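We just call them A, B, C and D in the order they show up, numbering each chain from 1.
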Amino acid sequence: MAIAQPPATPRFAGSIRLAARQFPRHRAAMVGLVCLVLLCLAAAFAPLIAPFDPVQIKLSAKLRPPSLEHLLGTDHFGRDVFSRLLYGGRTSLSVGLLVVAFAFVLGVPLGLASGYFGGRTDNLLMRLVDAFLTFPPLLLAVALVGLLGPDIQNVMLALGVVQAPVLARMVRGSTLAVREEVYVTAARALGAGPGRIVVSHLLRNVVSPIVVQLTVVFAAAVVAEASLSFLGFGTQPPQPSWGRDMSEARRFLGDAPWMFLGPTGAIMLCVLSINFLGDGLRDALDPRAWRTRRTVAAEER
Amino acid sequence: MWHYLGRRLIQVPLVLLVVSLMTFLITRATPGDPVQIMLGMQTSQEAADAMRAEFNLDRPLPEQYFLWVAKVATGDLGRSIRLNDTVTSLLAERFPVSLQLALAAMLFALAVSIPLGVLAALRRNTWIDYLCTGYTVLGFAVPNFGLALILIYIFSIKLDWLPITGIGSMEAAAGGWWSYIAPFIVPAIALGTLQTAMLTRLLRSSMIDILSQDYIRTARAKGLLPATVVIVHALKNAMIPFVTMATVQFGYMIGIQVTIEYIFAVPGMGSAILNAVVTRDFPVIQGFTLVIAAFFLFANIMADLLYAVLDPRIRY
Amino acid sequence: MTALLQVDDLRVHFGPVGAPGTVKAVDGISFSVERGRTLGLVGESGCGKSTTGYAILQLVPPTTGRVLYGGTDLCRADSGTLRRLRRKLQIIFQDAHASLNPRMPIGDLVGEALDIHGLHKGRARAGRIHELLDLVGLAGHLIERYPHELSGGQAQRVAICRALAVEPELIVCDEPVSALDVSIQAQIVNLLQDLQERLGLTYIFISHDLSVVRHMSDQVAVMYLGKIVEMAGKDEIYARPAHPYTKALMSAIPVPDPDSEAQRQRIILAGDLPNPANPPSGCRFRTRCPIAIDACAATDPPPHAMSATHWAKCIRLEEGS
Amino acid sequence: MPLLAVRNLRTRFATDRGTVRAVDGVSFDLAEGEVLGLVGESGSGKSVTALSIMRLVPEPPGRVTADSMSFDGTDLLRLTEAQAREVRGASMAMVFQDPMRSLNPVLSIGRQLVEVLQRHQKLGRQAARRRAIELLEMVGIPLADKRLAAYPHQFSGGMRQRVMIAIALSCNPRLLIADEATTALDVTIQAQIVDLVKRLTRERGTSVIWISHDLGVVANLCDRVNVMYAGRIVESAPIRDLFQRPSHGYTLGLLGSTPRIDGPALRRLSPIDGLPPNLIDPLPLCPFLPRCRVSVAACRERAPDRRDLGHEHWATCFAELGPRAP
């Protein structure tokens, strides 16, 4: 048997490669990933795909039920619902992504610091986080956006502010748990310094709950953006937005159910695929859940 | 335990103080002048100044804050700028409505999640379990306002079984118990579905976990009847995290009703805050937020206490 | 021969110092270990033997006392010195799987130990890892495996391998075989003995199992509720246990032989271990001791020497002599 | 007629990696009042054997079959689940390894004792309570009437195991199965518990199956021993015979691996090399062959049959092993 060359330094690349090999085994997660990628592509190339201009009013064609021409029907201004969904996805998905980025940049270092240093730092940071978490998230976002002015940047900012403490708290919890593991004590006994312990032991083991939590943040942000727009605090008309369009569909519930079913379906599809993706990542990132041919062989020897 | 309760209760005003400072800063640091919105552009400078003086809006920010906190400490939440009423009397109108809706939603969540969670755990990997998993997955994915529209479409428009509005209205209150309850049904389901999914998933997984514990094997080794094993030995343990989670979620419910209140025209706390935000009605925003935060905090303390009552191992 | 490690009046107290709730996990123990020898530290759960091991390595901060290693007091060493000295003092844990980072393959786990102390850099590193795996009897292809893919015995070998990577002089073995099956336990015990002979290692072997300790140790210390109650060379303590606790402990250990089992006089101790936060006054063993007298409650018994290398803390020993 | 007669018991578990043959053709008898040891390492199938007898193997994923498994004249495998419940806890009881996890943490000790008395002996609340106090006193728990309201976490490990024994013996079972009942306890507490079980079962003439990996405890307690490896009984003998004349490579290996506190201080143990057996695709040969030190040519050709060595002693081993050197 050929002797494998051992890796030169402790590194992530190897484990990421292995994780990437694991991921496709998770069928629901693959479906989620494919759906999400398709949604992103559809949003990104909306101008190419959309059969109609999403904002052009054509009253002669108003409230048409789904047909070959208008796949998901038209709204009360005769605008094509399908085209509006494609453009609306741009808002939802970009808000989701930016909120994830914002929450990550703010929440992860806060949570890590709090969990690793403990003591007074932890106490102070966590009381602040507690105060944030005492607000119902949507109301906090409504207040922020309502007061700052309904504008997409403000929506992102507000949702980021809402989600960062949630992430920070979770990261802190995971860090605290990992800090107590015997292998961290073992690393200290080997003479590992704080830097090495944080990077190769703490971070390495909290990465997967963080990644999974980020998918949760993404889903929450998409729903929250829709809720804000629904309430009239997000995207302003005539710009297409899933939440906003549902709000308008409300007036035509009995006559044009396709108007609200389209955006509702889009939000659900988006959230579902993110949730599936998150579940798959959770398994793919945990070596204990990996089932390689090698493992099976070892057990059967 | 009383000692622990005391310590937790002492923390409440502290957290509320931080909350109050945050709401104050958010309201004041953002653009928009309540007086201008109230009186309109054409109003005279004197009238505007008089109004600012009435609501202390002409004082420096720290002074405004301390004046407000001092009043809150005496139980006075101030007067609404927009509506000719005190914040406390507005609360007295709005809070019971929100509380009723929250209770209705929670009842729905409990009624569905307890049987579903237990059944799914007992019939693991059968169609019942898959059905339950499918339900929770959808419950997590559907936004409550989307679900509300779907339910209205089905039950109010197509079937015409249930009214869309009417919570907190005079006619509903006057027309007997069914006309009182009926308007709650659709909003409660729309509001409670997410909690249903959450609680079902929790109960299912904790039941599965507990059913694999050694003490369940002991109970079976004693020859106890299956019903005894499930109800006395398993459910009692599984209920500990469930009840805690349900209580915390109940604490959250008042604050997450805003979209539902908006759709069903419910005169509750959420829609009041929504209006207050639009009109920059600072005293209302501050007062209502404080009450919602306090409600949430007390629900959390309640959850901790329930935990201690249910689990003999916990002694604070 | 001089002592490689000397522990003086080591105490580890948890909780508020001096307050009634303080748990005196380790309460004033002293011993020394000579180079190339093994000290067995035995006692039942809660006696403080593992805490002693942790405190020697400064993995829990000792409350007072000294741990002298080659002239340096580890309790007072600054963090840089301590980290350098960690190379010389290693530990292996009871739960080998828990002591290995689940997200690191075996090669990285062993390699990390080399990296920390800058040993065998570059090209030599891979060769050294293979050499070390070979030393503990593991096949080279395991290098890419993750800890969860290993059996309990293999995981403990990896842990030993990692400890050896930094070329230590002393290894604290904290119940290294008690989670393993008998046949695997014997493999690990033999491995540890082979390594000691080949590399001249010094061990502090912590265990609750007196029969394993008998195989491993040169010297044995018996702990009860944070104190060493008896200490002697292996042959002496097993042939002539002096302290009533040691006697009871030995008699409680069953022997795989029905004939000798039938003849043995078993001392059954009454009751349970007292609460360590509120230990009995005087001799801590007196509440369960079959030969306790009133005087036992009065004073903490001083060590009574049976020979130059054998002492026990029991006032009843004075009467006999 | 033996109290328990097991013939060709097989218990398998379906896993996603294949069928695990946890128990693979086990046969033995247990006489009235006999104390039988079941010895082996983890994965040898001794606990699963016990659970199969108790009808406690979850099916699926488990599947229990046997030619027969008669207990006191009835075939346990033919009982309906409802009939099996009448036997469990009443005429056949079990004590498990970890007393902390085997007692329900949210129910009081009294409740857990009383419920089994009410279930099988149809006692009223007061009568069951009085009996529960007697039982706790019998297993040596002081102030029993005050301890009924206590919860398991308020007891020490040894006390918890005493409670488990009280529960098991509460309905005067004819068979007590103790599955590693002292493994989680300290040695001084283990000595107390072994002493207690020995005394109580002798007094009542209860038959005992004592499952353990510790040859020492077995030597102290049992009349007869079955040694298990890879789901099979590889050797069965009266207790003294087994230690004087171990006749299977595995038994020999186990004795060589076990450190002893008596006798001359050996510096070296003679361990069993290699890894535990694979239960998914077992060799058609002796399962111990890959680790065996005394294997002979025949071992590599066919599976060994049961070889009778006289004095109710048999082993499934080709090697001719003489009496063990003292």
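Keep in mind that, in the parts below, a residue touches a chain if its C-beta (ideal position, glycine included) is under 8 Å from a C-beta of that chain, and two chains touch if they have at least 3 such contacts.
Computed from a predicted model, the values in this text were never measured in an experiment.
J.: Spelling it out: a chain qualifies if it touches subunit A and also touches subunit D; which chains qualify?
T.: Under the touch definition, subunit A and subunit D have B, C as mutual neighbours.
J.: Count the C-beta contact pairs for B-D and for C-D, then tell me which is higher.
T.: Taking the two pairs in turn, the one with more contacts turns out to be C-D.
J.: So how far apart, in whole Å, are subunit B and subunit D when each is placed at the average of its C-alpha atoms?
T.: That gives a centre separation of 54 Å.
J.: Distance between subunit B and subunit C based on Cα centroids, please, to the nearest Å.
T.: 55
J.: Go ahead and note the Å separation of the Cα centroids belonging to subunit C and subunit D.
T.: Chain centres of subunit C and subunit D, defined by C-alpha means, are spaced 32 Å apart.
J.: Provide the C-alpha centroid distance between subunit A and subunit C, rounded to the nearest whole angstrom.
T.: It comes to 49 Å between the two C-alpha centres.
J.: Can you list the subunit C residues in contact with two or more other chains?
T.: Residues of subunit C never touch two or more of the other chains.
J.: Which positions in subunit B touch two or more other chains at once?
T.: In subunit B, nothing touches at least two other chains.
J.: Could you list the positions in subunit A whose residues touch two or more of the other chains?
T.: In subunit A, no residue touches two or more other chains.
J.: In the complex of these two chains, what residues of subunit D are touching subunit B?
T.: Of all residues in subunit D, those touching subunit B are 54, 56, 84-90, 93-94, 96, 98, 101-108, 115-116, 119-120, 151, 153, 164, 167.
J.: If we count contacts the way the header does, which residues on subunit C are in touch with subunit A in the complex?
T.: Residues 54, 57, 59, 83-84, 86-87, 90-91, 93, 95, 98-105, 107-108, 111-113, 115-117, 122, 125-126, 129-130, 140-141, 143-146, 148-149, 159, 162, 166.
J.: So in the complex, the part of subunit D that touches subunit C is made up of which residues?
T.: Touching subunit C: residues 41-42, 156, 158-159, 186-192, 194-195, 213-220, 239-240, 243, 253-262, 265-273, 275-276, 291 of subunit D.
J.: Could you list, by residue number, the parts of subunit C that touch subunit D in their complex?
T.: That would be residues 44-45, 151, 153-154, 181-187, 189-190, 193, 208-212, 214-215, 234-235, 238, 248-261, 266, 268-269, 272-273 of subunit C.
J.: Which part of subunit A faces subunit B closely enough to touch in the complex?
T.: Where subunit A meets subunit B, its residues are 127-128, 130-132, 134-139, 142-144, 146-149, 219, 223, 226-227, 230-231, 243, 246, 249-250, 253-254, 257, 260-261, 263-264, 267-268, 271-272, 275.
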